[in-house]
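In what comes next, subunit A is part of two complexes: it sits with subunit B in the first one and with subunit C in the second one.
This part shows the complex of A and B:
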């Protein structure tokens, strides 16, 4: 008898959900705000699509790289393509990137939940609790974390769609006008920002260990990116239609404000944003727990003798401190940008180069 | 050793047992339903909160204190609005909670001297307050408006906000402007008009008319009366129904507008200046007529059309004149139409629109009105 849960194999659906959920994390909250800074009115949708296009290209490359080494993760891939030393260095960079990513998000989560939900609770404390929950999550097996996405991603999509639908009353089509008036450089600049919010696909380089039987993992990865592109596009247009580009530009977290704007017909409840925050936090938990898990797998592949639990205990305080380092919102944004650029380099460009090497060397990968 | 660590970890869990950090019981919140801002002595700002007392709101049974007021008004004075709100906590047992603030009333005196953005910064920025709070300008002290006892609604705030809420009722009420809308206007530096509230005969208020602000320094520069507000609402297209009084050959007719549509087309006119075509189409019925015969009505059809057209044009040209020449501020939204339809012209003139070179005042605005009389009521003859 075949049992899906025991055989540690990721189904196509799981890949799609994992990738989408990984991408739609923290960035969704600020995305519209960064786009309208350099574009006119609603023209930012072009940037969302351009960013999505680039992300799909890299997703395809990452997928292809994974397909060449079924059931193996990044460290083994690099060892096979280059050598062990290179594998150590690249995996370390990758791990570092994910650790910084989680540190940043812990800080971001505490800042935003404090702003909207807990006025008096210190950020340090919220972050600490979030970290503890992450530690608990990551202590279990990886495949269980992947399957969490199957549960929560549909809920996240539902709540986002609910926000869109319940805001229909506040739409003002005039906010979307004029169309196609931005200059090309502005759109490109905004695309640079949108590309950053598509980071997350790279997780599949590690979760490739769960894709050993199938030869075709690329398609679901690309679908995952497409789903997030569509959601981004929808939310961006709705934010502009409700708030107009000027207000969006000066609102820190437009999607959270959009959730606040919701008026449920019949005034059953006024404060819809709580539903959004709850679901969004769960989704962020999934994202972070996977990132942390991958970081741990990365460390374990470099130090095969280390125990999982000791790695967790060593990493957690480190991340907590890194997360607390940026002293204000401004520094936090710079921090986020650095991490994203680092991520694009380490997790998108290097794998692309690796794939190139595989293709150049020919069949060696399949030895 | 191991035991010690375990014990410490277990002890650390005690931290979590303190419960919710931000817990405030609902009974301990002071629900603010309305705020008023006035000028106090020495240029300070007086902030008044209307706070509901839930016990008194309960209808029917319960230990309701007969004759007790369902609300209290608290005033506090400070240099900034934020400080005034903080001071409020010193004077009352419950901390003010702004999430249910429905109305913000600003006195005309304050609006004349202070930048709107400065006054309302707290309300825009604070995460607790909702973007849906409505803003109004009062003639006279704003805090007086919160004292009006209507007898119809339990709270003065409810009375004010529901009187103002439904622009369908009257064409001369400025549609509600909330914090979110105002934020947009403040950021885009455009001129605007806000609803106005003033006292009439004793304990009644009127919300007709509008208070005009210019987008240069966001200060109150003047008022629109009922007719001008009607004109503005027609230009903005917010009119749903309206009743127009017409005089035809010694007879008075009431034309009831049932359908109102307006379209603004922007094109490049003479001298490269923007030109606006305002096209209004109206469908309506004769509401009240002194006419005896239907036949006569049909003969009069053309005349009525002309009269209605004239009447509407009168309303509109009056407010346009006021906007272009007297106040030289575009509170009629032509600028945003220019931005939407002729972006290149907006880029050229946007900075000098209703400031600097006052391009707006030089633009041509053509008005075209199309009237259709659909029915004449349910009877052919009423006497």
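This part shows the complex of A and C:
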């Protein structure tokens, strides 16, 4: 007999939080820095909004695709729309993208953690521990990972807002001026960078298994993207207002520096950035554990007979090694860019095409 | 007991029943013969178990001879020293009756006044009864005994279970049935205030070891036929009563079914305490967190039942199990509802702080000292460094040393008699702490940290939940010593992951938070005014959602 107290559905709130948390991952640290490279003073907000607009468009498309197949994930969707072989190939690409994404982020986490928290501990060890905790996370049921966002995303938003509010004292309006002086190509170039920071919505193509309600999933997904757009915009403006565009351009991780600037009244904590790092680490963990989980679900849909635990043991060392491959920050950034382009192709454009096919085929998808 | 495995005799009897009384008597003679034979067999083999079993199989039902029955009873009970048998003459007839009971378990005075005296002083009996022993037994039950007679049976198995529970058995010569007479008088404790869950404000009543008293305490609070008390017998040898209590219409039926399913699957010799039941039926044995709450307070149980929870009462222990248990209810105490809402809310927040302090305070000390001295103000770093001057150990050894000492003191304090326990508190807390600092083994700051952790861990209302945090504290300390703040964060994530996966009887452990039930947030970390709390917690999917009407 089924216990009706067990709840295996994703609520709208869970979808919003999942999408937002997935988007605000690693990108938030470097976003202002990449934007001001091609724009003047505070004009980058246009790029943030443009990127957000594009992301909302694709989020809407992904939501619509998911709504056409309630309770099914990407592999079954593609099988229904095209055929089984195509489903295998597309799911494999998707999985590959998420695996690369996670390996890059593991490396990024270890690099930045070492930079800000440690003196002697080697990056490899930090990454290894992160990987172990990831393994513990994906060993359990997927719905638990989605619910992890419910715990941590509100805290992340609170800490980010606290950083903004506690920095009000150091605002300088002159940093924001002049307005609208950037050329159009510069803004577009920056938009190209911001779009990459909005990757993450695609997770809902797989977590669609937990969404059974028809015609309901799109709105929360779009809200999720909108929340991250607003947060990005707010943080970008505050960074520029505090540091000015020149300083921002030469700061590697402006948001972390912003957290460092905070002075807590009463001086209980000398450095507020520890709080930021704690919640940022946790938020990154949520992002990665979901991505890895989706990758495993992808592998399992291609090889239905494989056991979850053996897939985990096979994939984790591989990702660890891939993460260690880039030497230095520069190569890591190139690596990240390539993964993001790959991700946009695999996870945004192909689903959009699939939706087009569904619409052309008409009602056949529902058979 | 292999008593039930004697099918042939049943068959025989059914067959004989149609052939009249004469044959019945013959069969009784035949059973007696077999009985005597087996008695001899026992003598020959020196009480061989196999023969014993054989005897029991033969002796399934009562015979009509009183002395045979008494002898058989003695054998079945293996000649107990506390068995009291009183053979009396039934007044106004030639019948002889025997009152059998176990001495310490039944009220002998009551039996004498209400059973023995009336039977002996009886003057007349109807002619019909004088001829028919079964009718006489009926008369004794109806006219002479003034105590409750819960059963009348000829089955030895039933008779024995009543006898061993403390009831008296009346055997009548010539009748093949016996009367069970309710005369239980178990040694019990009076109702006292629970020691482990004392409140400043609230009823001063606690459960006792007797399940009847405990049920009556609950019935006093909820005067409704919907209060369901489902009895079960637990323990192959102990035959204890266990009751699943819930309110029909409020408790979710699938929760009740699940509890019943798990209780029915139990097959053990003896349940010494409800803790044994708890460990048998909990969802995850490997989890450090308790998934079932135990309490000694009837008011707490009543409140929980009215929220839609299920209680399990076990005979022989004052600790009642309450389920499902969630992480949030770990911070709750009945007092939160008795005091005004601001006080209740603030105390809950304080307990939340206590949970975090218990878990992370020593770990943070280690992490800050070993890895991130920049995290706290410079002056504080200097003063800590100055106080640690001369301490030969790294922070982690210092912390582990003091925390283990604290646990030792706590454990010793519980075991010792009360007056000495206080002495140990003084010796341990003051003398050892002071001396350790003087000797330069630990720093004064460390002593402060340890003291704070100890106080915090005792501020958590549920004792068993407090223990789980104290256990985890050692793991956080070790991970902090390896990886500083990063280690603490990683462990925190793992704890959260574990909590999210954990279920208590199908209810998610972090229930109103993840999955999120916004309506229940009113009674989570804050306790809003009672006039707003008009709905029962939704996460347990109660049948009746409203507990009060809005004004």
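Simple rule for what comes next: the second predicted complex is superposed on the first by the 360 of 367 C-alpha atoms of A that agree within 3 Å, B and C clash if a C-alpha of one lies under 4 Å from a C-alpha of the other, contacts with A are read in each partner's own complex, and residues count from 1 in each chain.
In this section, contacts are C-beta pairs under 8 Å (C-beta built on N, C-alpha and C of every residue); 3 or more make two chains touch, one makes a residue touch a chain.
Everything numeric here is computed off the predicted structure, so don't read it as measured data.
When the two structures are aligned on the shared chain, A:37 is found in touch with neither subunit B nor subunit C.
In the superposed model, A:308 makes contact with neither subunit B nor subunit C. Applying the stated contact rule after C-alpha superposition, one finds that A:260 touches subunit B and leaves subunit C untouched. Of the two partner chains placed around the shared chain by superposition, neither subunit B nor subunit C is touched by A:64. When the shared chain is aligned, subunit C comes close enough to touch A:13, but subunit B does not. If you count the residues of subunit A touched by subunit B and by subunit C, you find the higher number for C. Of the two partner chains placed by the overlay, subunit B and subunit C both lie in contact with A:118.
Applying the stated contact rule after C-alpha superposition, one finds that A:88 touches neither subunit B nor subunit C.
Applying the stated contact rule after C-alpha superposition, one finds that A:333 touches neither subunit B nor subunit C. Common to the subunit B and subunit C interfaces on subunit A are residues 117-118, 121, 129, 271.
Listed in rising order, the residues of subunit C touching subunit A in the complex are 252, 254-255, 257-258, 324, 371-372, 374-378, 483-487, 489-490, 492-494, 496-497, 500-501, 503, 505-508, 510, 513-516, 540-541. By the touch criterion stated above, subunit A contacts subunit B in their complex at residues 40, 115-121, 125, 129, 174, 177-178, 181, 243-244, 246-247, 249-250, 257, 260-261, 263, 271.
Residues of subunit A that touch subunit C in their complex: 1-7, 11, 13-14, 113, 117-118, 121, 126, 129-130, 133, 136-137, 140-141, 144-145, 147-148, 150-152, 267-271, 274, 277-278, 281-282, 285.
Touching subunit A in their complex are the following residues of subunit B: 16, 21-22, 99, 127-128, 130-132, 180, 183-184, 187-188, 336, 339-341, 343.
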